[in-house]
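Each structure below is given as C-alpha cells.
In the two assemblies presented below, subunit A is common to both, partnered first by subunit B and then by subunit C.
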Partner chain A sequence: MAHEGHNALHDLLAVRGVTRRDFLKYCGSIAAALGLSETMAPQIAAALEGAPKLLPTLWLNGGSCSGCTESIAQVDSPDVATIVLDYLSTNYFETIMAAAGEQAEKQLSDTIAAGGYLVIYEGSVMTGQDGNTLLVAGKKGTEILSEAAAGAAAVIAVGSCAVDGGWVYGYPNPAEATGVQAWLNHEGITTPVVNLPSCPVNPEWIVAMVVQLLLVAGGDVATFVEKTEWLTRSYTDRKYGAVDLLMPKGIFGQSIHDNCPRRGHFENGEFVTEFGSKEEAMGYCLYKMGCKGPQTFTNCPIVRWNRRTSWCVEAGSPCIGCGGLNWVDNNAPFFHRLSDMQMGDALGNVQPGTVGAVVGGVAAAALVAHGLGMKAAGRVGDGPPMEEMKAYDRKRLAKKGGDK
Partner chain B sequence: MTRAVIDPVTRIEGHLRVECEVTDGVVKDAWVSGQLYRGMETVMLDRQPEDAFYVTQRICGVCPISHSHASSMSTEAALGIAIPNNARLIRNLLEAAQFLHSHILWFYTLAALDYVSPINALSADIADTYALAQAAGTRVADFGAIAKRLTAFAENGQLSFLGGHYWDHPGYVLPPELDLIATAHYLEALEMQAVANEIVAVIGGKFPHPMTSVPGGTAFVPTEQKLDDILFNFIRVKEFIDTALIPDTLAIAPFILETTTYGGGCGNFLSWGVFEAADMDAYNRFLPRGFVTGGLKVEEVGPDDVTEYVEHSWYDSASGLNPSKGETHVKFDEYNTDAKYTYGKSARCKEKPAEVGPLARMVNAYVYEAGGKSLVPDEWAGSVRTPKALIDLTLEALGVAGKPEILVSLLGRVAARNLEAAYVADLALMWVGELVGGIQGGDSEFFKARETFDGAGSGLWEAPRGSVGHWIDIKGNKIKGYQVVAPTTWDIAPRDAAGVLGPMEQALVGAPVFDVERPLEMLRIAHSFDP
Partner chain C sequence: MGSHAHYREAHPLVFVITHWINLICMVMLAFSGFYIHFPFFSAGFMGVARGMHFVAMYVILINLVFRIVAAFFVKTANQLETREVDTDIKNWLPQAENKHQLVETLKYYLFFRKEGVISGKYGSLQKIAYLATVPLTFIQAYTGFAIYAPFADASFLAAGTTLVGGPMNMRIIHYFGMWVFILFTMVHAYLANIYNFAPSKIIFLWKETLPEGKH
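Presenting the complex of A and B:
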C-alpha cells in the first residue's frame, strides 16, 4: 500500500491508458448514482486524484451466493472501475484473490493487525448451530466478522443478506441468519455500517459509497457519516430485536414506483394481467401482476442494471421488492397485489392465503390519492424535492415496527 | 504421511475446505468439505410455486439462471404445463448467455491464476509476445501498455488481490510471454463476461438473479431492438471465445501435459441435459441427458435414480432418500474426517458417485455423436461445431489424436469447459435466428397460465458447473416439499454409506503434491470442477 503521492491516481490512469475524458465521464456516472448533480464530476475526480493512499479493503463473504461479487464484476467501464477498486487495495476477497488457504488467511490477519481498513461484507451473518453454519479456516463466520469489523474504519453491508439476513432470514430461518448491523449491535461493536440492500446489490451503489467516502472526507469516516445525507430504516430482527439501519438517501429515498417508466400507464389505468401478453408488449403497468415498486425504495429505474442495459420491470417482471427489508417474508407471494392485507404475526410469516389476481382496493386508492403524476425518470440534483414516505407505506411498515 | 489442507479454497463460489493425506508426494486420501449451510429448501415450504422460481435461484449467484429454470421446470412438470416454443428459445438464449459468462469467468478469473503468473509476465519480451500470439492464433492486445501497467502495479507494492500467493511455486511453468498474453486476456475477459450478462439483462432484467423465466414460459416479450442487442452481444462473445479462450487453452496445454495423467476422478459422468430441442425430449437436448460409466457405455437416467446419503454430513435426517422424499435436518457436529465433515450431502446416481459439469456433458455428447446420431438439425451442420468435432480437433492439435480417454483428467476437465463454450456460442446464434423467424411467422405466444394447483414433479437441467435438479410437491397452491440437488452437491459429495469417496475426492487421490505447504496441484483439481 505504498502508493503515496498527490497524483497517484492520475499516474495510474495515465499508465493504464485511461483518458481524462473517460475518467470524468465515469465520475459523472458516480455522481448520478449518488443522487448528486453530474456537475459534481470534477469535484469527485479531484477527490479521487488527491487521495493520499490506497484504502486497504477486506471483502468478506458470509452466508452468500457470491451474487454481490458477481454484481460488482458487471460494473460499467470496467477498466476505470478496476482502477477505482484497485484504488482500494482489496487485500482479501475470497472469490477473486490469487492466494488460498493459509496464504489467504495471512492476508486477512495482516490487514486487520495494521488497522485503518474498510470492510465490505456480502452474505448473511450465520449464527445457527452455535455459529457453525459458516466456517472459514476453522473459525466461525461470526467471529471473523466481529474481529474484522471491530478494527475497521467502516463496514459496508452489500446486498439484502448482509443488511438484514436477506432470503436466508426467511421464515423459519433454519440457519438463524441475521444482518451485519444486528450482529454488531449484539456484539457491542459501534463501527459505522452503511447498508445497501437489494438482491443482489447494484454495483453502482458500492462504487458510489466508496467515492463518497473519499469525496466528502478523504477517507475520514466520521466526516463521511456526518456530511452524507442518510435515512434510517428500522426493523425488528426476530432474534436480536430492534435495529436501525443507516442508508444513503440519494439511493434509497424514493420508491421504484415514483421513477418507473411504466408509471404513466398506471395513471391511465393500463395494466398487464398476463405474462407475455399484448399488454406486456405495449409496456403497460405491472401493478396487477403484484409489482412491489410502490413499496420498494431504491433507484433501480434510474441506475438500472448491467451497465444500464435494463432492469426487472423493463424486462417484463413485476418488482419483487428485493430492496426492501425482510423482503421474502414481506413480499411473497410475489404475484399478489395484497401488501395492505399482510397480516404478519409476531414471526412475520402469515401470508395471505387467497388465490387469484386480486388488486387490494385500499392500496390502489392510496396510491392514486398520493400519485402526483408521472415524473421524469433520471432527474438528479435539481429535480423536485423528494417525497416523504407515503401514508400507505408508513401504515404498512408500522405494523412491522418500521419506519418513523 | 502429512495432511495438506486448503481452507478456504478461494476463487470459487461458496466456502470449501480440501484436506488430503499425502505420502511421498502423492495424495493417498482426500476429504472435501462444504462449510456453509443456509437452508433454502426449508425456507421454501408453505410458499407458492412462483416464489420458488424467484427465490431458489439465490442459492447461487454464479448460476442463478439454471436454478431458476430447474425450479420453473419442476413446477411445470408438477402442474402439467408445456411452455410455448418462443419461451423454449428465449430460455435457451438466457441459459446460453449464462454458460458463456460463466465459462469465460471461470477460465480467466477463477482458474487461470493456478497456471498463469502475472508477476512472471513482467519479464516478457514484447516483440516475442506478439510473435507468440501470432503463432498461437490468439488475440493480440496492446501488450506493451499492459506490461507497463503491470510494472506500475508491481512497483507500487499494490498487489491487492494478487498479494500473498506463492508465485515462486515451480508449478508456474509458462514462458513470460504466454503469461503476458493470458494476463491481457484476463483483463479482457472481465469485459466479455459482462457483455454476456448484458444479454441476460435484456432478457431477464438483470444479472445476477434475472426475473423472467416464470413457470409457464417467459415474461419477456422481445422487440426488434432487443433482439438486435442479443444477437450483437452473442457475436462479440463468440468472437472472444474463438480468438482467445480456445487458442489460449491450446497454447497453455502443451506446457502442462502432465496434468493429463491425474485428476480424472470417478469416471462416471451424469448429465441431465440442457438446451431444449423442439421436441422437448431430454435425451435429444443439444447437450443430451445420459449417464456414462466405464467404457463409454451410456444409460438412461431420471429423477428416481438419485439418492442422498448423510452418514458423513452434518444432518440428522434419514440417509439414502430420493429427493422427492428428501429431508434436510441440519445438525452440526465437530469436523472429523473419520466421521462427519461437511454440510454437503453425498449424492449418488444409480448408487454410484457421479461427476457432473462440462466434462460430463461433453462425454455424453461425444458418446451420442459417436453412436451416429446428430445433435443439431442437418441444415445447421456448417454453422455449428459440435462436441465430437471440437474434441477430435483438440486431440489432434495436442498430438494425441484418437485418444479421447485422455480427457478424463485434470487437463481434460479444463479443456472440456472451454470447448463446450465454443459449441454453445455457435448454437446461440442459431437460436436467435430461429426465434426471429418464429416471431416473424406470427408466433406471439410466450406464456401458458396454469390450470391446476396440485401436483408433484422435478426439473432436471444443467448449470454451467453441472447437473441441477429441483423437486417440488404442491398441494393447494402451497409448496409442501422442496429439494434441490445442486451441481456442487454431486461433485463435492463426501463418502457415502459404503465409504466410497465423492468425485472430487477421487480426483484428488493419486495427484502429486510438490509442496504440502503450498499445495498448488490440489487447488488446480478443486478449481477444475468449478465448485
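Presenting the complex of A and C:
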C-alpha cells in the first residue's frame, strides 16, 4: 500500500515539475505551520508518501463569497500545496467541479451514503427566514450541512464565515448567519469541527491539517482529533448562545504582534501616522494606523500568504484582525486602534477615546462649577457650620416628641 | 473640618508612604497607559512606556495588598480631630457616625442643606470612594492581565475575555478603567483640598495643622 502511495506522489510531483528538494522544503514550511521543528520535514514527507488512500471529501459552500476557494485555487505554477490537497478526493465542490445538476447532487448523496468522508465547509450558515436565505438545488443550505456533517468523520470550517459567521454575521446580520459549530450544536450533531478562521482561509493551514491527519493519525480522523494540540476559543453567538471552538494551537496560539517583523519599530516607538509618509517607506509599525495585530491570534507572520510570499502587515497594511472572532464588529473601523462602540441609533458609533474625553471634560467642568458654588456658599476656608445632631435623629426625636 | 486640627494619627507614616506609592504608580500607569493607547510622540518610548506600566502594575498591587493587611494591624485616629486611635480597618469601613448620613451628605454637596454633616473619620461618600478603589484596582489588574500575553491564556482570565466578547473589548474595558481612576482622582483631589490644604499637608508632607490653643 505504502509503495503505491509513494509512486502516486512521485507521479504527481513529476507531472507538475516539482523536484524532491522543493518538496522537502515545502514539508519544512508545513512543519512551521504546525508549530513543529523543521527537522520534522522528512517525517512529513514520509507520511505524505506513505498515505495509503485518498480521503473522500465534500467541499460545501454556504453563505460565502468564494474567497476561500479563490485562496486555495490561486496557483499559477506547480505548487506542492495543490498536490497535498490532491490527497483529498474531492467528490463535490460547487465552484470548481466538472459535474453539474443532478449528477453533481448524486455524487453528494452517494458520498454521504458511503460515509467515512471529510467535510470542508466554506461560508456562513444562513439560518434567516427559517433557512430559506440559502437554497442549493432546491434544498436549504442548513439541511445540506446537517446531513453532510452528521455522517462525516470530521468537519473543517474554513474561513471566518464558517467559523462564526464572519462578516456576514456583522451587525445587524439580516440573514441570521452563524458558524458551523453553533449550527451543529443547535442541531445536536457531535461530529468534531476543526476551525480555521481568517478571511479568507490560508491554504497552508488546510494543508497543515491534512498533513497532520496523515502524519500523526495515519488518516484516522478520531486519532487526529485526539492527538493534535488544540486550543478552545469561545464566543457567544447572538442567536445560538455560547459556542466552544476547537482550533489548532500551532496556528492560532500566538498573536500577530508577538511574531511581527515590525515589532522592533513598535518597541522603539517608531510609528506610521500617515500612508504615503516617510515613516511608511521606512517600514515603521502600523499600530497608530489601527493595526489589530496585538489582539489577533494567528501565525500569519510565520506562514505568510500566497505561497509564503508576503502577508498583510509585511505588504504595508495594518492587520484588520480577520483571524479573530466576530471580527468585523470587534475591529471596525479598521484604521482605528480600538473598535467603535455601537451606541444605538441616537448616538451612532463612537470611539472609546471620545467617550473618555467627554466624560472627563464634563466632570472637570462640573468640579469647577461646584468649587464656585462652594465658594459662593461661604464654605471654603473654615468649612460649613456643623450640625449638632444627625438629621435622622432630629426627625426621630421630633416624632417621639409628637407621640407623647 | 476646616482649619481644624489635622494630627499625624489620622495618617501614620506608613499610610503616607502607601498613599505616595499609590499616587506615583497611578500617574505612571495613566501616563504610560495613554501612551500605549495612542503613542502621542515618537521618541523611542513604547518600550519604556510598557516597561513603566509593567513595573507600576506590580508595585500598585503589592502596595494595595500591603495597605489592606496593614489596616488590620496599624492604629489610626478614629476621628479627624483627635489623637485617639483604633485599629485602622474600623476607621476605614463605615463607622457608627456614618449611619443614616449618606443622603444628607449628598444633599450637602448639592447645596440642599447648609450645615455640614456629622461623619466618622471620613464622610459617607468619601468612605465609599476610598473603599471602591480596592475592587476597582483589582478589576483593572484583572482586565490588564487578561490583555497581557504571558498571562492571557490562563483559564481564569480567558473566561473573562470570552465573557466580554474578545480581547478587543477587554482592552476597551481596561481603557475605560483608566478613566474611572482619572475621575476618582479628580473628585478626590478636589474634595480633599476644597476647604484648605491642611489635609494635603498631612497626607503628603506628614505635617500637622494645629489651630490656636491645641497641641
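The criterion applied here is as follows: the second predicted complex is superposed on the first by the 314 of 404 C-alpha atoms of A that agree within 3 Å, B and C clash if a C-alpha of one lies under 4 Å from a C-alpha of the other, contacts with A are read in each partner's own complex, and residues count from 1 in each chain.
One rule holds for everything that comes next: contacts are C-beta pairs under 8 Å (C-beta built on N, C-alpha and C of every residue); 3 or more make two chains touch, one makes a residue touch a chain.
This one's a predicted model, so the numbers in the text were calculated from it and none came from an experiment.
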| item | value |
| --- | --- |
| Which of subunit B and subunit C A:L325 touches, first, second, both or neither | second |
| Contacts of A:F266 with subunit B and subunit C, given as first, second, both or neither | second |
| Partner chain in contact with A:A98 - subunit B first, subunit C second, else both or neither | first |
| Touching partner for A:K292 - first (subunit B), second (subunit C), both, neither | second |
| Partner chain(s) touched by A:A73 [first = subunit B, second = subunit C, both, neither] | first |
| First, second, both or neither for A:S234, with subunit B first and subunit C second | second |
| First (subunit B), second (subunit C), both or neither touched by A:A315 | first |
| Residues of subunit A at both interfaces, subunit B in one complex, subunit C in the other | 355 |
| Subunit A partner contacts - residues on subunit B that touch it in the complex | 5-15, 17, 35-40, 42-43, 46-48, 50-51, 54-55, 58-62, 64, 84, 86-87, 105, 109-110, 113, 142, 145, 148-149, 152-153, 156-158, 160-167, 187, 190-191, 193-194, 197-198, 200-212, 214, 216-221, 223, 229, 314, 328, 330-332, 335, 343, 444-447, 449, 453, 477, 517-519, 523 |
| Residues on subunit C engaged by subunit A in the complex (per definition of touch) | 1-4, 37-39, 41-50, 99-101, 104, 108-109, 111, 113-118, 147, 149, 153, 162, 165-169, 171-172, 175-176, 178-179, 182-183, 186-187, 190, 194-196 |
| Complex contacts: residues of subunit A adjacent to subunit C | 231, 233-236, 255, 258, 266-271, 287-288, 292, 295, 321, 324-326, 330-331, 337-339, 341, 352-353, 355-356, 359-360, 363-364, 367, 370-371, 373-374, 377, 379-387, 389-393 |
| Subunit B-touching residues of subunit A, taken from the complex the two chains share | 1-3, 11-12, 15-17, 54, 61, 63-71, 73-74, 78-79, 82, 86, 89-91, 93-107, 124, 126, 128-130, 132-138, 166-168, 170-175, 177, 199-200, 274-278, 280-281, 305-307, 309-317, 320, 322, 328, 332-335, 351, 355 |
